[in-house]
Structure formats: C-alpha cells, structure tokens
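Provided herewith is a single structure, encoded as structure tokens, for subsequent inquiry.
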Amino acid sequence: MRSIIPDYLADALFRVEPDTSGQPAQYIPELAGADPERLAAVVATIDGEVYGAGDSDAEFTIQSISKPFVYALALADRGFDTVLDKVGVEPSGEAFNEVSLEHDTGRPLNPMINAGALTVQSLIGPWNSEPAERGERVRQGLSAFAGRELTIDERVSSSEMDTAHRNLAIAHMLRSRDVLTEDPRTVVEGYVRQCAVLVTARDLAMMAATLANRGVNPLTNEQVVSGAVVRYVLSVMFTCGMYDAAGDWATQVGIPAKSGVGGGLIGALPGQVGIATFSPRLDEHGHSVRGVSLFERFSSDMGLHVMEIPSAASSVVRSNQVQDGERGATRVLRLQGGIRFAGAERIIRDAEEIEVDEARVVFDLSLVYSLDAVARRLLLEITRRLTDGDQEVYFVDPQGILAHTDVGAAVVVDELEGAVG
Amino acid sequence: MRSIIPDYLADALFRVEPDTSGQPAQYIPELAGADPERLAAVVATIDGEVYGAGDSDAEFTIQSISKPFVYALALADRGFDTVLDKVGVEPSGEAFNEVSLEHDTGRPLNPMINAGALTVQSLIGPWNSEPAERGERVRQGLSAFAGRELTIDERVSSSEMDTAHRNLAIAHMLRSRDVLTEDPRTVVEGYVRQCAVLVTARDLAMMAATLANRGVNPLTNEQVVSGAVVRYVLSVMFTCGMYDAAGDWATQVGIPAKSGVGGGLIGALPGQVGIATFSPRLDEHGHSVRGVSLFERFSSDMGLHVMEIPSAASSVVRSNQVQDGERGATRVLRLQGGIRFAGAERIIRDAEEIEVDEARVVFDLSLVYSLDAVARRLLLEITRRLTDGDQEVYFVDPQGILAHTDVGAAVVVDELEGAVG
Amino acid sequence: MRSIIPDYLADALFRVEPDTSGQPAQYIPELAGADPERLAAVVATIDGEVYGAGDSDAEFTIQSISKPFVYALALADRGFDTVLDKVGVEPSGEAFNEVSLEHDTGRPLNPMINAGALTVQSLIGPWNSEPAERGERVRQGLSAFAGRELTIDERVSSSEMDTAHRNLAIAHMLRSRDVLTEDPRTVVEGYVRQCAVLVTARDLAMMAATLANRGVNPLTNEQVVSGAVVRYVLSVMFTCGMYDAAGDWATQVGIPAKSGVGGGLIGALPGQVGIATFSPRLDEHGHSVRGVSLFERFSSDMGLHVMEIPSAASSVVRSNQVQDGERGATRVLRLQGGIRFAGAERIIRDAEEIEVDEARVVFDLSLVYSLDAVARRLLLEITRRLTDGDQEVYFVDPQGILAHTDVGAAVVVDELEGAVG
Amino acid sequence: MRSIIPDYLADALFRVEPDTSGQPAQYIPELAGADPERLAAVVATIDGEVYGAGDSDAEFTIQSISKPFVYALALADRGFDTVLDKVGVEPSGEAFNEVSLEHDTGRPLNPMINAGALTVQSLIGPWNSEPAERGERVRQGLSAFAGRELTIDERVSSSEMDTAHRNLAIAHMLRSRDVLTEDPRTVVEGYVRQCAVLVTARDLAMMAATLANRGVNPLTNEQVVSGAVVRYVLSVMFTCGMYDAAGDWATQVGIPAKSGVGGGLIGALPGQVGIATFSPRLDEHGHSVRGVSLFERFSSDMGLHVMEIPSAASSVVRSNQVQDGERGATRVLRLQGGIRFAGAERIIRDAEEIEVDEARVVFDLSLVYSLDAVARRLLLEITRRLTDGDQEVYFVDPQGILAHTDVGAAVVVDELEGAVG
C-alpha cells in the first residue's frame, strides 16, 4: 500500500503553489537571485521516518533558522546561567533586526533576534575559544542536529559580510555595553558563516525532529543536546521565533518555529514531528509566504498545535501480523493507546507492508483509548484505499471508539474472533 | 489508603511559607489590607478531582485572572474575527498597565494587558448589549467556568473605581482611536466589576481545569466555550499572560498562566490539570511571590511543561477489581497507555479504595507503554505506603517498564498469573 | 504719504492665497465648518501701532495659541518652582497630542503639548481655586494680553468636550501619576473653555506684541506678566512651540511662535513686534499652511530671526578725547546708541585710557537712547573706581536716562557745557 | 584704570571652584586622567578683545564642541539642501549617544548628537573628498574659526578609536540605512580625529565669537562661513546643543551653546560675545558641572539671554520737524541709533505726516550707527514714493552709512546745512 502522507504533502504544495506574492530577500545578490519557484515540504517523525514533497533536496542557506540550534549548543556548552546572563528570553514585539537591548543591562531581549544571535555566537564552545574553533563547533553542531555533514556556502558568506552593516552596528552596540567582550567584526563574521550553512528541507525537518525528540537525532540516535536544553529552546521558539508575528503564529499555528530569509521555515512539535518547508518568497515580516501557508494548513489538518490536548505517540501499533485463514491471508494490526497524528502516521507506515494478496485487514482497536479527528481521518483513508482495492477491512471496536463514524465499506465488529473468522 | 497529593501540596506550601518578600497591592485599601499570610494551592484534574492545601476556600477578588476567561467569553459571543479586529495577540514586552496600542490601528497589543481587557469588556454578550446585561454575562460566564455561582465584592468594586485613573486614561485613549465606541467610563466600570468577582483558590483551579479540559467544566460537564476558543486562549496566556515576565515564565515554568493583583495565580496544562495558588504579596511584575515559587516547583516536580514531550492522561486505569484468592483478597489494577503526572494521579485515586484487609495489591503494567519520572515516583510512593502497612505489592511488568527501578519491598513478575497466585 | 507696511502685508496675502492645500481641523463640526478661505495677517509694534490685512477682525477660537499665555499666567500666579515641579521645558520631538510624560516623574515634557497645557490649567490662580475662578482668571488674563475683553464660544466649547477623549485620556493619566491632583474631567473642561476663547488676528498680534514688549500691553500699558516670565515663555515657544516641527521652524523662521488648530499662528520677536496670521487650512503637523508660508516670508523679508546678528555695538563710544580746562585735563567720552553688555565692555576698554592725573571724567549720554541693567551696573562701577581715586565724574544726561539711579559721588548735568566747565 | 571684566571673571571662578561634584569623562584613559581642578573662563568680544581668567591657555581636546563648527563647514561646503537631506534639525530629547534616527528616512534627528555629527563628517569638503583631505579641511576650518593653527592630539585620537564601539555601531547603522555611503570605520576615524583637535578656552571663546560676529573671525577678519550659515548653526545650537537638557538651558541660560566631554563649554551671543569655560568634571548629561554654573551666572549677571528684550527702538526718530526755507517747507527727520525692522516701521509712521506740499524731505543719519538690510530697503521705498511724487529727498550721512547703496533720485550730503539749504 502506498503511503498517504506523501500524497498529502504533494497536495499541500499544489495548493500553495499559485501564491506568488512576496519576493526573495534582496539584500545580497546570492539570495535575491534564488529561484523563487523552488518549493518543498518535509515531515520527519521522531523515530526517523521522513516524508518529503517538492524540492526536498535543494540546498539553500540556513540563515536565521540556525539561531535556535546554535542557542541550544551554547546552552549545552556554557550552561544556562552563563547564557542567560548575556541574552534574555522575552519576546521583543519587534522586527528581527531591531536593536532591542534591555535598557539597564544591555542584554538582547532574546536569542531569536539578531542582537541575541550575535551574542550567542560568542558563547559557543569552551570559554575563550578561537573564532575558528567556534566556527567548526557551530558547523559540526548543526550537522549533528541534521544527522549528516553540512558545509558552508562561502560565496554567500562573503557576500553577506559586505552588507552586514546592520549586524556590525548591533555588534558594536553590544560591545559598547560589554555584552560582547571581543572584536565585534569577528563575531559578525562567525554569525554570517553560521547563516551560510547549506541545508535542504530534508535536513531542516530532521533538525526540527531532533528538537521534537528531546534532542536525540532520530536517525543517528545521537543525543545532540539534553532534554532540558530542548525544552528551553522550544519555549523560546514559541514565544520569540516568529519575531513581531509571534503571537499570531502561536495562536493560529501553535508550533514552536523559526524562519530564515533563505526561504526555509521549520516547526518542531514536541514528541511528535519535525517539519520544514522551503520557498524563497518572503512576506513583510521576512517569513516565507508559502511556508507560512503550509504551516497553517499542517497545524489545522494534523492537529499539531501545542495547546491541543496532548496524547502519546509511540507503540501505537502493538503488533502487526499475517495469519493464514480459510479465506486466505489476514493482516492483523493491534493498536493501542491514544492516537493523534503521529500515531496515525505510524499505523500508515505499518499498513504499507500490506500486500495486495492479503484478502482481509483487521485493525484491532480494543486497546485504543482515544483517536483524534486527524487520526480517524487517516485511518478511514487507509480503509478507503484498501476497500477500493477489493480488500476487506474489519475494525474490532468493543469500546465503540468509532461510534458515529462513517466507516464506508469496512465492517465493525466487537471481537477479534469475529474479524479474523 | 490516604492520597499522596495533598501531602505533596502541604509540603510545597510549607517550603514557600518563609518567603515574606513583596507586598500586597497598595492602590486600593481593600487590597492593601489583605492578610499577607494567606496561602493556598489547589490542583484540579480534568475529570473533576480537586486537591487543596492551605486556605483553599478563602475568598479574594479575581482581578486580572478574569482576563483570559472574559476573553474566551468574548470569542465565544462575537467570534474570532470581531474580537481580533479590535484586540491583537502579540506579546507587548511591557507591564500590565502600559498603553501599548498598535501605532497604526490603535488596537491593544493583546487581551492580557489592561488596554486589551478593557476593549474585550465591550465585546461581551450580543452586539449592543446594555452594560448591565454585559455585567451579568461576565458574572454568569465566570461562574460557569468555576462550576458554582460567583458573586461580586461591591466594596472592592467601588473602591477600585475611585482610583481607576489609569484605566480611565486607557479607555479614553481607546475611545479616541475608535477602538472603543461607547462611553469609556461605563467600560471601566464593567471591567472593575469583572475584577471584583470573588473566588477561592478552589474556584480558580476549577476554572483553569475547564480550560485544560477543552472548555468543559469537569464538575458540571458544561461546555463553557469551544475547544477552538480554549486553544486560542491558552496560546495567548502562554505568550502574554505574565506580561513582561512572559518569556521567563514560558521557559522556566512552561504552563499557560495568569496572575491577579489580588494574589491569585492560575495555570492550565492542556489535557492534564488546572492549578491555582493564592498568596497576596506581589513581586515587581505584580505577580504573587509565593505563587511564582509554587508554580516553579510544580512544573519541575510534576513535569508540567507544555514543551515536555506529551502523552495521554485518561483511562490509565483499565480495571480495578478485587479477586478472592487462597491467601485472601487480592486487589488488581490493570493500567494502560502512557502515564505522566495526571495518569499517576488517577492511579493514586483508585488506590485509595484499597482496604487494609486486602492482603495483596497487583499493578498490571502489561498495557503500559510509558511511565515518566513523576509517574514512576508516585507509583513507588504508593507501593511504599502499602508495604509499610504489611500489604504485598506485585508489579506485572512483561515489557520491563520498571527496569533499573528500585521497587523496594515490591515484587516484579512477568505474568499476571504469577501475581494473583 | 501712504504707509508701506499695509501694502506689504496685502501683497504677502495675495501671494499665499492660491495655496489651498491642507484642510481645516476636522475633529469637531465647528472647526470643520470654518470658511477655509479666511485669510489675515496682522503686525503689532511694541508701541502699539497695528497693521492688518485681510480678515483681521474675523473671530475664531484661540485653541492652542492660548497655551503660552496661560503658561505665563501660571508662572505669574504660582511662581517658577511650583510650575516647573509639575511641567518640564524640554522639547518632546513629538506631536501635540502625544502623552510624552517623563518616565520617572510623570511630568509632561513641556507646556506646549496637551499634557503640559492640561497640567498648567490646574496651576492657574491662587492655590485651591475653584474651577469657575480659574476659568475667569484665564479669560481675564488672556483679555489683558489682548487689551480688550475676550469672550468664550460656548458652542465650540461644548462641542469639543464631546470629542475630548484624548485629552481626557491624558488627564486621567496625569491624575494616575499624581501630576494632577483634582478631577481630570474638570481640568479638561477648563482647558476646553480656554481653547474656545474667541480672538481676531488683531487680538493675537497684540497678545504677541505684549510678549515682545516685556509683558507690557502696548495699548493699555498694563504689565500683564513680568519680564522674567516673558523671557521664560519665549524660550519655551522657541524650542517647543511648533511641536515636532520646532527645529525646522527655529532654523528657517527663527521667531518664538505658537499655532492653533483654529487656524491662528502667532510670532513674538522680542523687542520688535508681535505678528499673527489666520487661515484655517492645516498641514500634517496641525499648523496653518498659509500661516507658515507667511511667517517664512516675514522672517526673510523683515530680517525677523532671533539669531540674526543685531546691529553692531562697536560705535558705542562716539569719541574719547582729553580737553585741557581750567581745572586741569578733562576726559570726555561721548557715548551713543543702545548700550548692553557688549557696549559697556567697549566703554570699559576706552575708560582704561583714563590717566590718574585727569581731574575730571565726563560721560556724555546725550546720544544714548537706552542703557540696560548690566550696562548701567558696569558704568557705575567705572564711576566708583574713578571717584575712589579722587577723580570727578560727570554724566551729561539731558534725556534722564539715569533717572532713579544712585550715581554715588558722580554729578549729573543736563548739558555738556555744564560738565566740562 | 584697571578693567572690571577680568575681576568679574576671576570672582566667578572663585565662586564655582568649591564645587567638586561630577567627574571627568571615564571612557578613555586620556580624558579620565585630566586634572579635574583645571578651571578657566574666557570672554571674547566680536571686535576681538579677549578677557580670560584661570587656565585660559591650557590645552584640551575639543570633543563635541567641534560639532557646530564642522556642521557650519559642511553647510558652507555642500549647501543647505545636501546637508539637510542627510541630517535633520529637530531636538531629540535624548542623550548625545542615542541612535535617534528618523524612523522612515534613517536621517539623524540633528547634527549635535553623534549620529548627526558622524553623518556631517562625511559631508565635509568637495564631493568625493578623500578621508585625508576631509581631515585637513576640518582641522583647517576649525583653525580658521579659532584664528590660529590648531593641531590634533594623536594619542587621544587613537585612544578614542579603541573605545569607539558605540560610534562604530551608529556609523554602521547609518551605513545600513544608506545615510552614510562610505566605509563606516573611516567616518568614525575622521570624527574621532575631529574630536581630538587641541584647543584652549581662549581658542573656544574666539571660535564662539566668530559665530557671534556673523562668521567673521574678530582677530583675522576672515569670513569663515556666511551669515546665513551662522544663523542656522546658532538656531540648532539653541534647540539641540545641550542634548536632553536643551530646554532647561534655553530657559535658564538662553545662550546658543555646546559642550564637550573634554570639559569645554561654549556660548555664542549673537552680535555680542563668545564665551568659553573649561573644567573637566561632568554632570550626568555629560556637561561640565562648573561650566554650567558659570554660564548660569554669566547669563544672569550680564543679561546675555537671547530672549532678553533688547533695548527699545522707540526713539529712532529723534525729531520730526518742518522748517520753512527759501524753496518752501522742508521736512527734517533726525534719526538715531541702530535701525532694524521695528525702527524702520517707526520712521515710516512718522513719514506718513509728510504733506505733499513739503518740497523737500531730509533724513538726517548723523546719529545712526547701523542700518540693517530690511531697514535700508524700507527707507529707500519711502524715498522712492516721495521722489515719485516729485518731492526732493536728502540724506545727511556724514559716516557713510549709505555707502554702496543705490539711493535712486535722492541726494546724499555730508552735513545738515547742505540739505536744508
């Protein structure tokens, strides 16, 4: 059986594609010259499954999406107190490039605005690291989040340095307040290189999934940063990640997120998935226009809002076996627990093993205690595809989980015996 | 068996009690004269269980804690578009009484600051409601959240009106920008009455639990507002509820919350619990000093951070039966799903039914697929109390959920048969 | 011979008349309905000559032009310290209706913005005056500046009160900061009445001329406020009178000025003239469009810029000669012109040439037409030093310039002959 | 006779000497190490007399006192439009080192704050000047104002560059807004060198006197900048020169002024004197503590406030008589003093008495010692009207006040006898 999720993603891309509003970032030729039609969406689960659609493997520069990850590295390298002493965690309500320092201390308000990100640059690696060491720590740390070796686009990096006046302004201001204690130009260079790390939408989804998975990369199983660091970073992404549109995003989309002027946009739903989109045309806040549309769609379709009532997302499929019966092979999937999007995704994946010659498919819901609307919709879509292919589908539902649900051509029974016949 | 949670709460109060920093709100005599030693903490689950410690039933005025609830009522009464057209959802990074209007539109930045709350006051009830109708709608709506009839402290209300200059200033400013279209004084009077609604910490916990329970009051089962409204309100509480300390709160505590100058503080953890504390001494942000301490403790002890990986919180106890065996009565609790704080609380409650003459207690973990640290700690505490009372405790743990856990005097077996003997 | 100045004024009106840009203030019907074609310019000299052109006698409401005059009355009634304690004198760089309070004290930044003018309203008359007394003091004080009884347009006054939300907002804010200590609505009512005083361009020119004439009304010769108050008020008009266009005005026009939304605009050139224009169409700063054009023209055509270098003071000593007379050598210094500090310094320098054996020193003041306090002091100090050295000092003072001055051991005579004997 | 003024200055220094509050600027060692007891006051008249007391010849760095002079040079070199296009003239109400750019254009609010002064640095000399040329233009221009060759303290200059982070921040910000179009570091270096020009209090007083004298250095008689430029610069000094204390200064002292962190403070009273003080201890606004005290004293003692009403102009017409002569009636107006607009108006008024049958009109200018451009124009207009009416007009002008003036059909003679014939 072909998976539903790639189809869903392809459909989502198809729907946002006509929107050609906004334009690529203009401030350096390398970004201004980006192909504005590039479009991708990738979803990575916390157990390492990756679904992509569109230009998922096109490389672009990570830009500000590096901020939460480098912040996580700094928290890991120097500890909470050292970093908090230099950079706050309050939303600024201002654009990404506002100076926004605390009046009394000179601390940048948060690490998602440039002033904060520049300060974080100086807090990477062991105390007193050389700029080159720090640069390598950043590249290697971002690679660990992505689960593969990332490289730097030197052309973008040097091109951005030529127009880095505002960042230099901010860095000198930080230096004048003793928030930075080293050469401002060196810090800006480090930051510009950090922004020029080349990633694909696939990489970004995996980086986000690493955050969603308590800091453990789902592919390499490397614990990149601790769970405590991740919790902190996700909170800051939620309140500050989308700059002056943070409140709109928090209410409408509800996923800790971060965008970059390169056209990337990521979201990390704790315990469930990492998501990334790529489309270079930006709105007036500097966020990818189609990216924002895609996330609004994902949040609504998949119930991925952190303020949505949570439920579990692992071991939903208790067993997945084929039994030979009188009327041929019967596939039995025993499900359990509370099922939301991520759980449904796992079921879909298991369902892919179903062969066309298996005459009957049984979903045993006896141990399922909740099934949200999205999971229900996905389950019924599996059913539809199977019954369209002339396979029989049975739900074992002694608790009436499916009550009031139109199950189409499927059959609902009370006991497993009634289904496997 | 006596429940663990009241003990936990009493201990928490004991620990914060020595902190006498801060002082009650001074701007009206009725608040300034509050007994500063009053102290309470209440936890209400989404299925209606309430645990209280301290002065849980002492009445005080709700003050700003009314804001998210009245905002929810306005969203319900007038719809998202009408309300958003008048009040934004962006964090202001400013104190509660700053004017903070959007420069171009005059919209208050969010409904948690006074400018927003005053505007929300004018959006209650059907279009063109009379002030008295609106006032009754507010009182009745807040009562529905609390699950009992609330009343208004008329003395506080008229006393606050005498010193409402700043709110009058804000209301006249809103009127001059046509955000308010009616008499500013009437709006302020409505708001002052809303703030003077009398509540107990128990009421507040139940109101918060109603938010945590998708808008359904756990006691009355009334759907006070829709789940969509709740999701919106929780998001705004998370990003704006603690004013200029919102970012610190989001990272450290991570619970959508709201404080009032009367000394109350609430938190609503979606799908799990509502929490309320009461202690009149305030810090420089206007938040209850001990309340903040208590919440930091709760968040850390109970793993109640929204960016903590979520899991389910219902039907954790699949069955709870007594079997008569050779060696006397045996209590069998069959557990299931992912168990976090709220699930463990449910187990504790079931465990209270255990009689001292039941010689053996069996916890069947066969269907449990996760058990977080807090749940584990609570389960072992039940065990300790039972074995201290000379009851035998068995864990059926075929999946090794308890591996590496010191279970004390309890016995771990692989199959239920081995436990019930 | 027909006078040149009326021709000049008529020509100036003719040149600005085609400019129909801007529009009358819209916020109350009475102002919005003003005839936008009304146009007048009046120049009043400090000795009471008045030249008018256009609608010089059309009545309109004074509006914000009342601010410097009522500020002057408050300084006169309550003293500098009391008033400065409540209202600052710093330019705000903001529009007239911004709140602009000092962060720490709550003081309005200056008395030309509404926040300041409202506060000044509460500082009129004796301490603890009744509102009605204050209102009469304002009307009578403005009348004294104008040199005739002014009345209030009650229709405009009550109409403005209906839309005074922003001023009420500001007044309540001031009340909440204890800058105002009485009922905010009463203060706003007083201010709105102050703004509704009916004046003509002729009145305004005379009011400005009173400022230009050290506070003495040129027609009635009444000393309305002291010279010290006038100096203060003119300084504040220069730095703050034109709100956020104050700097442009100070450089381009260079005349202490104030505009009102009724279409009036005044300028007071110290020691020379008062000027007023009237034309209701306003620019985006709230200043009369044609009024600003007229003032730019006047400043340039008439050399009326306070930073224009005044006439040289080098020829104050017309001659310095020694004559041999019967009683020995006599030094004669013939002085001329208006003598201030720099002129007195020149006299001192010449006086250094006086030898001790010159028995008599004569200062001939016949051609001196003014001698300010500093110059007078310095001249008497020279006299003292000379008479202490036993030299005789004579003043020739046919015009009585030294009347009421204690000249010590010197002799005052009417004619040079009487001095050189 | 010994002069009074040095005694006065010495006494003034004696009175402020006990005030040891404040401290020298700390941000660079060279300033922090200044001898805090250094104290000087110098008054320079516009005809070149210089009175000094204290350490009048001690050298220190000019710092921000260079701003108005370099601004004057830029206006002279590039014209008003070019400079105004880049730097505004509005008071900022903020400290000297605030960024204070206009939100929409990025223009610094005024040339007295650092953002403005940095921008002015880039507007010196011909378009596209090399940094070295600009540096030399600044040094030479400041020297021209001082009337002697000034040099640069290279040690202070390089020391300041080490701590110029805030200025670099501002310059990069200006570069990012395209207000600066060249390398920000080069501009800051130029500015830092400008600030490191070595001056004495005597130099500063002479520089201020050059401003007070329409741009002509009283010693060298060099016209350094035009009178129009001076008028502009003095206005900006008055409204913006003392930063966030500008309003207090304007009201209390009333002299266009500028201070520097090196301890210098200058004031220029148009048409009278230039004043400078030197004392390194600074107040919280960055102004010399004793310098401010001295200026308050000078302003009050010497009547040096620009809003002080200048000497009356009422006696400009000394007499107005008709004499019968051989050739019919002759009208004789004897004029006196310095005549500006208001004086000319008085003459016009007297001239209205002239009857058409008075064959000859004589204006006796013997006692007039100055006649400004406007007064000259008005006098000639009277003449034109009279001669057009076939009346003869004579000017008695023994001092050559009308030299180089086209008097039309009028006759200029040396003595009254020649006119009344």
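When the chains are written out, they are named A, B, C and D in that same order, and each has its own residue count from 1.
What we mean here is this: contacts are C-beta pairs under 8 Å (C-beta built on N, C-alpha and C of every residue); 3 or more make two chains touch, one makes a residue touch a chain.
Bear in mind the structure is a predicted one, so any value in this text is a computation, not a measurement.
The fewest steps needed to get from chain B to chain D, moving only between touching chains, is 2. In the contact between chain A and chain B, the residue numbers used by both copies make up over half of all numbers at that interface.
Each chain's centre was taken as the mean of its CA atoms, and the one lying most distant from chain A is C. Separating the CA-averaged centres of chain A and chain D is a span of 64 Å.
Averaging C-alpha coordinates per chain places the centre of chain A 29 Å away from that of chain B.
Computed centre separation for the pair chain C/chain D is 22 angstrom, with centres defined by C-alpha atoms. Among all residues of chain A, none touch two or more other chains. The touch graph of these protein chains is a ring, one cycle where each chain has exactly two neighbours. A list of each chain pair in contact follows: A-B, A-D, B-C, C-D. Chain D makes touch with chain A in their complex at residues 99, 165-166, 168-173, 175-176, 184. Those residues of chain B that touch chain A in the shared complex are 88-93, 109-110, 214, 230-232, 234-236, 238-240, 244-248, 250-251, 254, 256, 270-271, 305-315, 336-338, 367, 369-370.
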